[in-house]
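Both of the next two complexes hold chain A, though its partner changes from chain B to chain C.
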Partner chain A sequence: MMTWLRQNARETIAALALVILFAGYIAIHPRGFSTYVVTIWSNQGTLLGLAAIAQFFVVLVKGIDLSVGSIIALTNVMGSFLLNGSPTSIALGMAVVLTVGVACGLVNGIAVVYGGVQPIVTTLATGGIFGGIALLLRPTPGGSIDETMSDALTYAVAGIPVSAVILVIVLVILLMLLRRTAVGLGLYAIGSSEQSAYMTGLRVNRLKLVAYGSSGFVAALAGTYVSMVTLTGDPNIAPSYTLNSIAAVVLGGVALSGGVGSPLGAVIGALILKTISSLMFFSGLPPLAQPFFEGLILATAIALGALGVFQVRSRLELYR
Partner chain B sequence: MADRYVELKSVSKSYGGVPALTAVDFRCEPGRVHAILGENGAGKSTLMKLLAGVIQPDAGTISIGGQTVRFSSPREAAEQGTVCMFQELSLMPHLSVGDNIVLAAPRTRMGMIERSVYREAREALDLVGAKSIPLGARVSGLSLSERQLVEIAKAVFRKPKLLILDEATSALTSELVETVFGVLRMLKEQGVAILFISHRMHEVDAIADRISVFRNGRHIETFDVGARTTDEIVGLMIGRSLEELFPPRRAPVPDTAPVVLNVSNVSWASQLVDVSLAARAGEIVGLGGLDAQGQQQIMHAVFGVLRGVTGRITLNGKRLNGLKPPRVKQSDIGLALVPEDRKTEGLIPSMSVAQNMRLAVLGRAPFGLLDLDGSSEARLQELIERLALTYGSLDDPIATLSGGNQQKVVLAKWLVLSPKCLLLMDPTRGIDLPTKAQIYRLLTDLAAEGMAVILQSTDYEELIHLCDRVYVFYRGSVAKELTGDHLTADALIAASMNVHLHAGAQA
Partner chain C sequence: MTDATERTVTSRWLNRDRVSVLLIGLGCVALLLGGSLLYPGFLKPGYILQQLQIAAFLGIIATGAMLVILLGEIDLSVPWTITGTAIVVISASGSSNPLVASLAIPLGLCLGIAVGLLNAIGVAVFRVPAMVWTLAVNAMLLGAAVFYTGNSRPNGEVPWLATQAATGRTFGIPNAFLVWLVVAAITVWVLKRTVYGNYLYALGNSRRAVFLAGARVRLVMVATFVLAGVFSSFGAILLLGYTNQAYQGMGDPYLMPVISAVVIGGTSIQGGRGNYIGTFAGAIFITLLSSILSVMQMPPAAREMIFGAIILVMLLVHGLTNKKEGV
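And now, the complex of A and B:
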């Protein structure tokens, strides 16, 4: 147990921070600890949590994805057209939305792997394209989404928010796949050292496509869940999800240099971010001052994560 | 496939017009250990990379058991049973030891990796003598020798038919080397063909059945172990007498010459232990020993790259402790370092020849303005002539130059600062012989002009023929200081392995 904690020190620290922040949030919330408050918090956290997992897959293989938010926006907008009607048509619509997400991820992956374009440049461009399509499809927020399904997925059952259950299921499945399958380990391997992975005989290109495709899939899940929570399709949500997903993975101990971290860490990071902004909302601070304090808390958290730099004893290591 | 021999027929490979292998015919058989010998740059690693599918030949064919093969990746080579253990380790640092081994050849059921595979990984580790390394340990936390053992276990785990070991035992103690050799002999009995590259002659003698010597990208000769003496083998490797390569021996530097660099009782992390050494003006002082015994770290410590160095380092009486590279290169101190890895530390590959040469001198310009009076420009021109640099245009990217000329640029970039003390880390690694000879001459000239030169080298001949004195490192400290008549190959090798030699005994 102790060695596990030490090897996953960043996740552990992040989890502790989350517990403290959450306690603070509940303490100052006018309604205190109630199913209603926790469900709202959990729904919001799940949205960003899924976005952070999508970002995690790309960061794991040494990339960065500036199009995550746009894929979420695009799938959200598509959901607002497709996720209603008979159960069959909802199921079909769901399949279409998820396929579009995977396709977007694969477009990024192909450009990075076979085009040799840097991830940040690729996703900056494709992000514009995906977001642009969303805007063309639905210039202003709107559309309709099956309310029965929305209710089922966003309320609580026996005091436990359904969103939390969904998030836990997604996490358990992903952790199993990442730690127990050759493909999952392969993703960590190419993030850790692409050259070594190649020398070991791993299919580096194919694995990278898997990472980008998975990212697109989870982003589509996030987009679908946005539809469930907001009951509209909104093409303008992209930038906030993109930036917050990057902040979330960093907070959750996922190394931007690749190969280190887990979806669990990414989700914890997302929940921390969500809790900080909720705290701000009820803190009584003037709204204009809130972004400043949000940034300050974020900077402190990131600085704590970077303390390892002071243990480096050869300065050459700092530049590797 | 009873006779699963590997054969190369007139194989050639060149990089950017520079030939690395020229018309090589080579053959190795199952159930034998075949040693490949040659200097740095002789084409050994190119040969290995060809066999392992990392690179493909420009001309000629590779066949296994009479069937022509063409591997486009290490994966394809491994599927055919060729497993290579490279000097630059192929481990994933953030993954656990178990995952690293298992990933090399995962067996899955319903997509999940079978737990029994980890048991086999454990057995492979135990076999090579790595009982103390837990499967769950992260590779990034292991020492170099532990990593080598994991790497060997990984190779054994894949059940190779052709196993290539490229300096695979360089960081292992003699006991562990014996355990690993036991495993190699076992594999040999099972009919595995083994290619073994090592610089340690006694290891080659201990394990190899046949020896092939390579020089300048050509296969020179193949013979059974014991058919030739060590001297003959060295002659084959170098291809000419040592006298032609090295400048004539200089008169010893008098004891009255002022001490330029003085290092006393320096320790750092666990990698440097109480190191003391000195270099006088006009001296070439060598740092020798096996790979990674602290020679590199002491250079970094002097140049201000390391944090938390204890002890005392002075240059011409000025204390250097705590000063960083931008400070120690200033003219009042006058230190310069030619780093180990040209490509990543010595040069900026995407910049031109001229830009690279001006990089070190930039910090000296007042207010960061580029040299106004042109004095350093004139000095650069002079250096280009002195180094006999061969180039197309000074505005060409540095990558278009040959390795030897790239190294000359690294030298020029520092010499333009007129350093008082020059630190060189393996400056002739992978460089052709004529350029080597030029660099040797240059170093002797610089010493004659009064510079103190510290030369860290993996090449024993270089240390013996060029240096006034050699400090031999072993596990982070100076095991022995060799001078004058005591500076011989046998003494160097013995000191490198920290064994004591009786007078007249052979290593």
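And now, the complex of A and C:
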């Protein structure tokens, strides 16, 4: 148990912070701990959690994805066209939306792997393209989503929010894939040392494409779930998701230098962020002061996570 | 081995830096010629001078961004440094206290220094990834600006000097462009001829080696972030003189173009490689591109797409030529 805790220190600390923040949130929420409050919190958390997982896959292989938000916006907008009508057409629409997500991810991957462009600038450019397509398809928020499906996926069953169940299922599947399959371990290997991974005989290029494709897939899941929660397609949601997904993975102990972290950490980071902003909402601070404190808390949290730099034995370790 | 390839690459006349400058130069010419087919006024000196004037704002802000990128970091706090500076300057200049009013521009630059220091503390001392830290700083600046102005447009006066520098002309040439030329000359000199410039490139290549060589790594990093903040504020003051008003979100449309200008100018986003001429040309290219797209009356969505696509193509060309050279 102790070794496990030590090995997963970053996730453990983040989880503790989350528990404290959540307790604080419940304590000051006027309606206290009720299914309603938890469901809303969980739905919001799931949206950002999925976005953070999408970001995690790219960060795992030493990349960064500035187009996550745009892919979410694009798939959300497509969902607002396709996710209604008969069950068959919804299923087909769902397949199309997810395929688009994977395709977007692969475009990023191909430009990075075969085009030799740095991930950060690639996704900066493709983010513009994906976001542009979303805006072209639907210049203003609108559209319709099948309400039965939305209700089924965003309410609670027996006091447990469906969104939480979805998030847990996604997490379990991903954790199994990442820890138990050759592909998953290969991704970690590439993140830690691309050169060694190549020398070991891993198909580095192909594995990187898998990472980018998976990121696109999860982003599409997030986009679909945005459709379910908001019942509209909104092309303007991109920037906030991109920025928050990066902040979330860092808070959740995923190293931006690659190879370290887990989707669980990313989700915990996302939930922390969501709880902070909900806390702000009910904190009684003047509304105009809230954005400042949100930024301040984010900065403090990140700086606290970096306190380890004062423990290194040699300053040489800080420079790589 | 890298040393040998490096030498053969630099010994050739058409090295990497020159290729990117040449490429963007061709891109600018292509844009102007293509634009003149649609709209004959494009090749007139008046239009070109006006574009250079607008490019100056982007170019000055991109100068700071380039220094940080050369270091191997990134500054995402640019948007609200711009907005914050504009708000500070316009409010101070409109102040009833004559002393505060006369110090409006220095106060604005001080904000840039403060933001730069804050960025540097996180990145150089706490070693937080710049991407996240500067983002958090940006969020705090946004919060502070919202709190200060209370969701309304800040009132005040634009300093006379800012208006003159941004919109005035000397011998028919926009002052803003002249200011940019001066900034450019100094930057080129600093990058090529000073110890600081050499450290900057060296740090971008191998921070470890520079540390072992005994250089004051943190000092150089702090100085770079502070300079970046000052350039953002400087650009913001000119921008304020040009738009004649400060409003929330006035800096938001600048982040992507600034980074794009630096990167398509051939500066490696990993740091340690790039030259200022590339950034200079990159800023002009980006300005021309967005001007032409707006003259063509593209809807914003299509504009965003084409913008992204062209930048991606430029980057792919860079990336593929690098691969061929084995860099």
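Please note the rule applied: the second predicted complex is superposed on the first by the 320 of 320 C-alpha atoms of A that agree within 3 Å, B and C clash if a C-alpha of one lies under 4 Å from a C-alpha of the other, contacts with A are read in each partner's own complex, and residues count from 1 in each chain.
By our rule, a residue touches a chain if its C-beta (ideal position, glycine included) is under 8 Å from a C-beta of that chain, and two chains touch if they have at least 3 such contacts.
Fair warning: this is a prediction, and the values are worked out from it, not measured in the lab.
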Chain B versus chain C as contact partner of A:Arg180, first or second or both or neither: first
Partner chain(s) touched by A:Gln290 [first = chain B, second = chain C, both, neither]: second
Which superposed partner A:Ala189 touches (first chain B, second chain C, both, neither): first
Which of chain B and chain C A:Gly233 touches, first, second, both or neither: neither
Chain B versus chain C as contact partner of A:Gly223, first or second or both or neither: neither
Partner chain in contact with A:Gly79 - chain B first, chain C second, else both or neither: neither
Touched partner set for A:Val260, first chain B, second chain C, both or neither: first
Greater residue coverage of chain A in the superposed arrangement, chain B or chain C: C
Partner chain in contact with A:Tyr198 - chain B first, chain C second, else both or neither: first
Touching both chain B and chain C, residues of chain A: 315-316
Interface residues, chain A side, partner chain C - complex: 64, 111, 115-118, 120-122, 124-129, 131-136, 139, 235, 243, 246-247, 250, 256, 288-296, 298-299, 302-303, 305-307, 309, 315-316, 318-320
Interface residues, chain A side, partner chain B - complex: 3, 7, 176, 180-183, 185-186, 188-189, 191-193, 195-203, 259-260, 312-316
Residue ranges of chain B touching chain A (in the complex, touch as defined): 54, 73-75, 77-79, 84, 86, 88-95, 99-100, 102-104, 106, 108, 111-113, 136, 138, 154, 268-269, 297, 300, 305-308, 324, 345
Chain A partner contacts - residues on chain C that touch it in the complex: 74, 122, 125-129, 131-133, 135-144, 146-147, 150-151, 207-208, 210-212, 217, 256, 259-260, 263, 268-270, 299-309, 311-312, 315-316, 318-320, 322-323
